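Chain IDs A, B, C, D and E follow the sequence of writing; residue 1 opens each chain.
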Amino acid sequence: MAKRRKLLLRRPKTSKTVNQIPGTMTYVGHKELTETKLDVIDYNLESFERYTSNSPEDAFKFVDEERVTWFNIDGLNNIKDIEKLGEYYELHPLVMEDIVNTGQRPKIEEYQDYLFVVAKMLYYKNGDIENEHISMIVGKNYILTFQESNGDVFDPVRERIETSKGRIRGRSADYLMFALLDSIIDNYFLVIDDMSDRIEALEESLFTSKPSDDITYEIQDLKRNILRIRRAVFPLREVISRLEKLENDLIDPKTSNYIRDLYDHIIQISENIEIYREMIWGLMDMYMTTISNRMNEVMKVLTIMASIFIPLTFIAGIYGMNFEYIPELQWKYSYFVLWGIMIIIFLLMLYYFKRKKWL
Amino acid sequence: MAKRRKLLLRRPKTSKTVNQIPGTMTYVGHKELTETKLDVIDYNLESFERYTSNSPEDAFKFVDEERVTWFNIDGLNNIKDIEKLGEYYELHPLVMEDIVNTGQRPKIEEYQDYLFVVAKMLYYKNGDIENEHISMIVGKNYILTFQESNGDVFDPVRERIETSKGRIRGRSADYLMFALLDSIIDNYFLVIDDMSDRIEALEESLFTSKPSDDITYEIQDLKRNILRIRRAVFPLREVISRLEKLENDLIDPKTSNYIRDLYDHIIQISENIEIYREMIWGLMDMYMTTISNRMNEVMKVLTIMASIFIPLTFIAGIYGMNFEYIPELQWKYSYFVLWGIMIIIFLLMLYYFKRKKWL
Amino acid sequence: MAKRRKLLLRRPKTSKTVNQIPGTMTYVGHKELTETKLDVIDYNLESFERYTSNSPEDAFKFVDEERVTWFNIDGLNNIKDIEKLGEYYELHPLVMEDIVNTGQRPKIEEYQDYLFVVAKMLYYKNGDIENEHISMIVGKNYILTFQESNGDVFDPVRERIETSKGRIRGRSADYLMFALLDSIIDNYFLVIDDMSDRIEALEESLFTSKPSDDITYEIQDLKRNILRIRRAVFPLREVISRLEKLENDLIDPKTSNYIRDLYDHIIQISENIEIYREMIWGLMDMYMTTISNRMNEVMKVLTIMASIFIPLTFIAGIYGMNFEYIPELQWKYSYFVLWGIMIIIFLLMLYYFKRKKWL
Amino acid sequence: MAKRRKLLLRRPKTSKTVNQIPGTMTYVGHKELTETKLDVIDYNLESFERYTSNSPEDAFKFVDEERVTWFNIDGLNNIKDIEKLGEYYELHPLVMEDIVNTGQRPKIEEYQDYLFVVAKMLYYKNGDIENEHISMIVGKNYILTFQESNGDVFDPVRERIETSKGRIRGRSADYLMFALLDSIIDNYFLVIDDMSDRIEALEESLFTSKPSDDITYEIQDLKRNILRIRRAVFPLREVISRLEKLENDLIDPKTSNYIRDLYDHIIQISENIEIYREMIWGLMDMYMTTISNRMNEVMKVLTIMASIFIPLTFIAGIYGMNFEYIPELQWKYSYFVLWGIMIIIFLLMLYYFKRKKWL
Amino acid sequence: MAKRRKLLLRRPKTSKTVNQIPGTMTYVGHKELTETKLDVIDYNLESFERYTSNSPEDAFKFVDEERVTWFNIDGLNNIKDIEKLGEYYELHPLVMEDIVNTGQRPKIEEYQDYLFVVAKMLYYKNGDIENEHISMIVGKNYILTFQESNGDVFDPVRERIETSKGRIRGRSADYLMFALLDSIIDNYFLVIDDMSDRIEALEESLFTSKPSDDITYEIQDLKRNILRIRRAVFPLREVISRLEKLENDLIDPKTSNYIRDLYDHIIQISENIEIYREMIWGLMDMYMTTISNRMNEVMKVLTIMASIFIPLTFIAGIYGMNFEYIPELQWKYSYFVLWGIMIIIFLLMLYYFKRKKWL
């Protein structure tokens, strides 16, 4: 039962903070960090700088028209630090609210000077799927990313910037946004592949293991998981689709091919989700038929045993009666003849069940 | 059965008043108040006034171009009081009809001088979900809200106006409308979270408790509830969507960001409703498999007991026969040898069931 | 079985008259009247006249530009009478065909001088839902309504015209059309409420009554009924929607608010139909689980009885054997000790089943 | 099994001729005629001529601007004859391919001088539903129709032309096209009504006949059939819809009312198909519950018999034991008292099962 | 189990290469060829040349404005060879990535000088359905096709070019593209027909063979397969649809009729997929009912045997009791009368079960 409990605790947190003033920032997630960590990466084609701090103010010196600056903030529970950044970049109060509201679904919004993108990171941490709220502010030459906790899926992007591999250093902030979204979506593939593995393992175990409520539970858990993944992926698909069609100075037309590629990938993931969903829904039916097959087998054993021995016992009972005049009792060979009759009955029964294909 | 009865009585009231003249006001809800209660809140950035009365006429003195006035009317069964307000504000007869027709679904309608919005409040009262009809007339500098009974979800808004917290005092009536709708939608989150708790509790009990019709009933009841919640939420989603796109002097462009935020929230609720719906529909299948598993277990016990003892009883029956010539009967060790044979049969049977994984 | 038969006879009549010339009038319904009844109501704001006849020609004298005339024709089987009216008002042959073709689904068509509206009346007659084909010709200052049989849902409208209650006398023919459609739709609410009652009664009986095929049949019958109601309602929704958007001189803009109200009502009915549909589909699953629960109970009784007494009978059988040397037989207290052992086995069994929660 | 086999052989033929040059004519249907039959009907308002031949060349003499000529070709397996017609009328190679490709779904295509319409005839032949591929070339003053075999649904049209009944003789080729499509669709009603009869018969037999795999098979067969009918009807609906909106010199505006009527009919059929589909899908659930009910009954009989007689047999077994000291055995009235006890147990059992409503 | 394993290994490969730089070419499929094979077909109306090589550079000499050149590349694991081609034809890096990314779904993209089309070949190889990634670059007078392994479905096209059959030699590259897509789609028909055969075989075996988990597995496998085929076909449908509407100099208007024909075919396949899907989903229900029918039969045998012999055994047990005073025991004909009674009980039982239609 320990396993079940854990799953229950991971249930989707829908609650936004009820009855608060709209625009109020309240972190409703489970991941509390003692301090906000700021990681700044500042680059152009020629040079690269990386800077880590616990205080957002330190970061403002990096802002420079000629270079791309990526501020990554880990930890959403220290509202004040995020508020300072928000004020500096003049973010709308509702944007500020959505950055820390982990219940917010993926979306994209255009503001005067920036794009606001919300997505969900799905990745593995200690063998479990971690669902993490992530938001991005994409400006002319900067990107702010806000995450719930340390550890993310962006390390390959960081490495590419640092080692100057690929196109990334020569492009502006919109390409960085693409690269980050691409990292997020890449990790969906891993999560999706894991679903596929779990489905197959479960299918196997339906046939091999003894029927038990654990399988029922596991199927329901798979359902819950695929629905939760879907909730992260499907709205993001709309986000990417809108991004593709967006006419905004912040998006370089050269980047739009890449965004179309992103869209391809997320469609691919969506298709897989739908297929796995159908497979999972099918599992319950499969399970029902395997249980019924088991039951059929049990019933056959009972029926065969009872059908063979109940009539024989009856015959034995007949000659156990104490009537004074039972002519067969005196005859010397009665006992042996009776054995003969009983063996014939036994064999006829076996033949009958054989013909019915019950044996 | 007491519990069931109550649920049955709460069934959705679809009936509008059949065969009446269109535009006739008839209250069809269950909540009868002895008198209509009028609560007026009148404010601008500088000052705030609150006034409570039982007579609508008292309220008209508050109307003032420079200030926002919010008339809240509790109790829809006293048609006449509402008619007076309707006449004063020149409301369309069909609007008047919809204000008291609790069967009316959420909608928005534009009239010359006002917007007419219908929504459903869902909130907890004595541990039960209460579904209450609410309508709003949104004018240039006033809002009328009509509710079925005392007690609502607007207290946080009232408090914010009174204490001048947040943006609300400096904005006009459209922002107040937003704040009220936001309160309503916030409470949907609570109701939705409760559904989630009930689903999980039921899942737990499927595995732990003894199969019974109560579980079937509970699942059907969950279905009914989620469908009913959906009926309150989904049309409101369209209302908010239309509100977002509305081009009307009554809506300040500055408010539209907030309405978009509202739309985000209601989409989030809708998604959750759909997920919970799928989970609930899955519960019935889960329940079927757990029942079948239980039955399987019962059958196994029967089959094992019968398969072991029926043949043994047959053997005992053989030697209970009264034939005169049964050679084994005379032999001294027959009885002990027979016990040996029976124990061997018993052990073989156990081994057979063990191998079949029935034990 | 009597009840079943009747239901079968009421099955939906899909057949139009196959292989006839298009535009041929053939009445395919079940309701044959010996003579066509004509009921004329002629009114304006000042005066009201009502006239009943069996001959359509009598009616033409009423046509008058200044007044609204409503011709109501009961009985579609006397094709000739209807043809005369059709000729007088120059109706298109396909319109004529659809007036008497009871298989025609609800629709609206614009012609040069009139609108042609087809709808389905659903109402109670002798405790059964009656589905009746109704068509309307809406002209500048007249309305023709064609029904299958005497008795309809329009009496409240007639009364309002006569007693001059409400807006109806002061408005033109389009408002009368609205009032008639409103009457039809109002009656859908009654039929829908009855569905709701039947669903709840059936839910109750699933739990209380003994499983039987009648319940299966009743569920299937509910399915059939809800699908049939849906077939009457859903196309009418499109009709009302098109009516709302229609730009036609025949429709006064003042009437369009009322038509929007009509649309609200029919959407509300559609939503209820969908909810009841889901509930009905859920009933079959519920029923399956209650049957399985019953079966579980039956199996438990059998298993408990057999598991307890089969081993005990075996023991009794042992000491019924006739071996010459069974040491226990001679011992004086054997019988009492055996009773003791058997009672202990009995109690252990009870305890085992208790722990398994089977008792 | 004979019946099943036949059904299997009738399975949908999806194969177009794989890996052939596009535009290659290959007949893939089952209906081979030894010779192609040509039936020409040539008419205008004044006169009518009919001519039958086996050689297409004979037909070309009929082409005349002032008259409508309808060439009907029976038999698609003689590719050459069809090719000659195709060349004369300058049909596109892909049109030629589709005329003989019976796998082609219903469609409409506009070419320079003609419309190309493909539909499926469904009609009864020897008690079976026959699905026949039909294509039409609709030109200015001629129509070509191509069918797989002799016998069709067009006889009523032929008769109307001949006897000059209805509008048909005075109109041009587009009206003839309408009349032919109308005949095809009229026959769908018959097929659909037959589905309805089969569904009801099956429902009846679920309750009355003994559970058997035949019923399962019959339900699956109904599913297959309704899906196949749907495949013929639904694409034709789109065809009619496009025909209605078509702006083409070949379609006289006066005909469009009739095409709208056609559209009405095909929508009506589609609705019925969807309803029957839901009913058929429901049948499997119904069947499951009736099987379960039967099983419940069987189990009850077993449980009642076993529960009553197993304990009684145990008691009899007790007094069949051969212990030397069983005090009851000596008492004179033991036997009668025991009968008394056993009858009481028997009655208590009956009462118990009665109370459980198992009897 | 051997068969199952194999199926599991064939599971859909969703993974694109996670966390790589976008535009990086990585082959993720299973089919590794030791060397890339290049097959060049160069033709115009007058002449034809075919050339095979292992080095792409050799191919560039064929490029000629006046002739159509078709480069077919087998083997995607030698990235470098493909890169050379990509550089020569100035393909976009994302195109290069998609050529080797076998997880990419079917799509079409327009670039400056070429169209990029991705599709999936489905064909039989050693009795298994092979799913192979194929991409096409369609330029002014050349086509590049990239495949995973040797062997494809294009041989009929090659033959037609070589033998100058059909239109193909006189047309430009777009017609070749059509011919290639036509070959791919033609092979879908074969795969689809095979699905149909498997479904029917399974239906047959449901009724004839003994219930077993293999059938459950087979049904689930069919589900998986149809979903996988759907994933290849449905996106290609969109591709063809877009191709039809494309306004691009590369597509000759004369080719568009052929593309429309292609669209017809793929719609036809899609319809069949949907029908087979419904049939497959129905199989599980069918299977459940056949299992239940089997179980019913088993239970009946048990119930009949037990109900007949348990009471008879009880009677025999009665007269096996050792009471001193059992009056019947002394009577001479008791034994024979008892046999009579038991035979009567036996016959009554048979009659009862006969009337219940259990025999």
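Please note the rule applied: contacts are C-beta pairs under 8 Å (C-beta built on N, C-alpha and C of every residue); 3 or more make two chains touch, one makes a residue touch a chain.
The chain lineup, named per UniProt: A, B, C, D, E = Magnesium transport protein CorA.
Computed from a prediction, not measured in an experiment: that's the story for all the values here.
*Asks:* Can you list every chain that touches chain C and also touches chain E?
*Replies:* Shared contacts of chain C and chain E: D.
*Asks:* What whole-Å value do you get for the distance between chain B and chain D if each is reduced to the mean of its CA atoms?
*Replies:* 43
*Asks:* Nearest whole angstrom, what separates the Cα centre of chain A from the Cα centre of chain B?
*Replies:* Each chain reduced to its C-alpha mean, chain A and chain B end up 26 Å apart.
*Asks:* Residues of chain A that touch two or more other chains: which are they?
*Replies:* Touching at least two other chains: 288, 292, 295, 299, 302, 306, 310, 313, 317, 320-322, 326.
*Asks:* Could you walk the ring starting from chain C, turning first toward chain D, and list the chains encountered?
*Replies:* C, D, E, A, B
*Asks:* Looking at the complex, which residues from chain D come into contact with chain E?
*Replies:* Residues 4, 8, 11-12, 14-16, 18-23, 92, 94, 97-98, 103-105, 107, 109, 210-213, 215-217, 219-220, 223-224, 227-228, 231, 284, 287-288, 291-292, 294-295, 298-299, 301-302, 305-306, 309-310, 312-313, 316-317, 319-322, 326, 328-330, 332-335, 338.
*Asks:* For chain B, which residues are in contact with chain A within the complex?
*Replies:* 153, 156, 160, 165-168, 178-179, 182-183, 186-187, 189-190, 192-193, 196, 200, 203-204, 206-207, 257-258, 260-261, 264-265, 267-269, 271-272, 275, 278-279, 282, 285-286, 288-290, 292-293, 295-296, 299-300, 302-303, 306-307, 310-311, 313-314, 317-318, 320-327, 357-358
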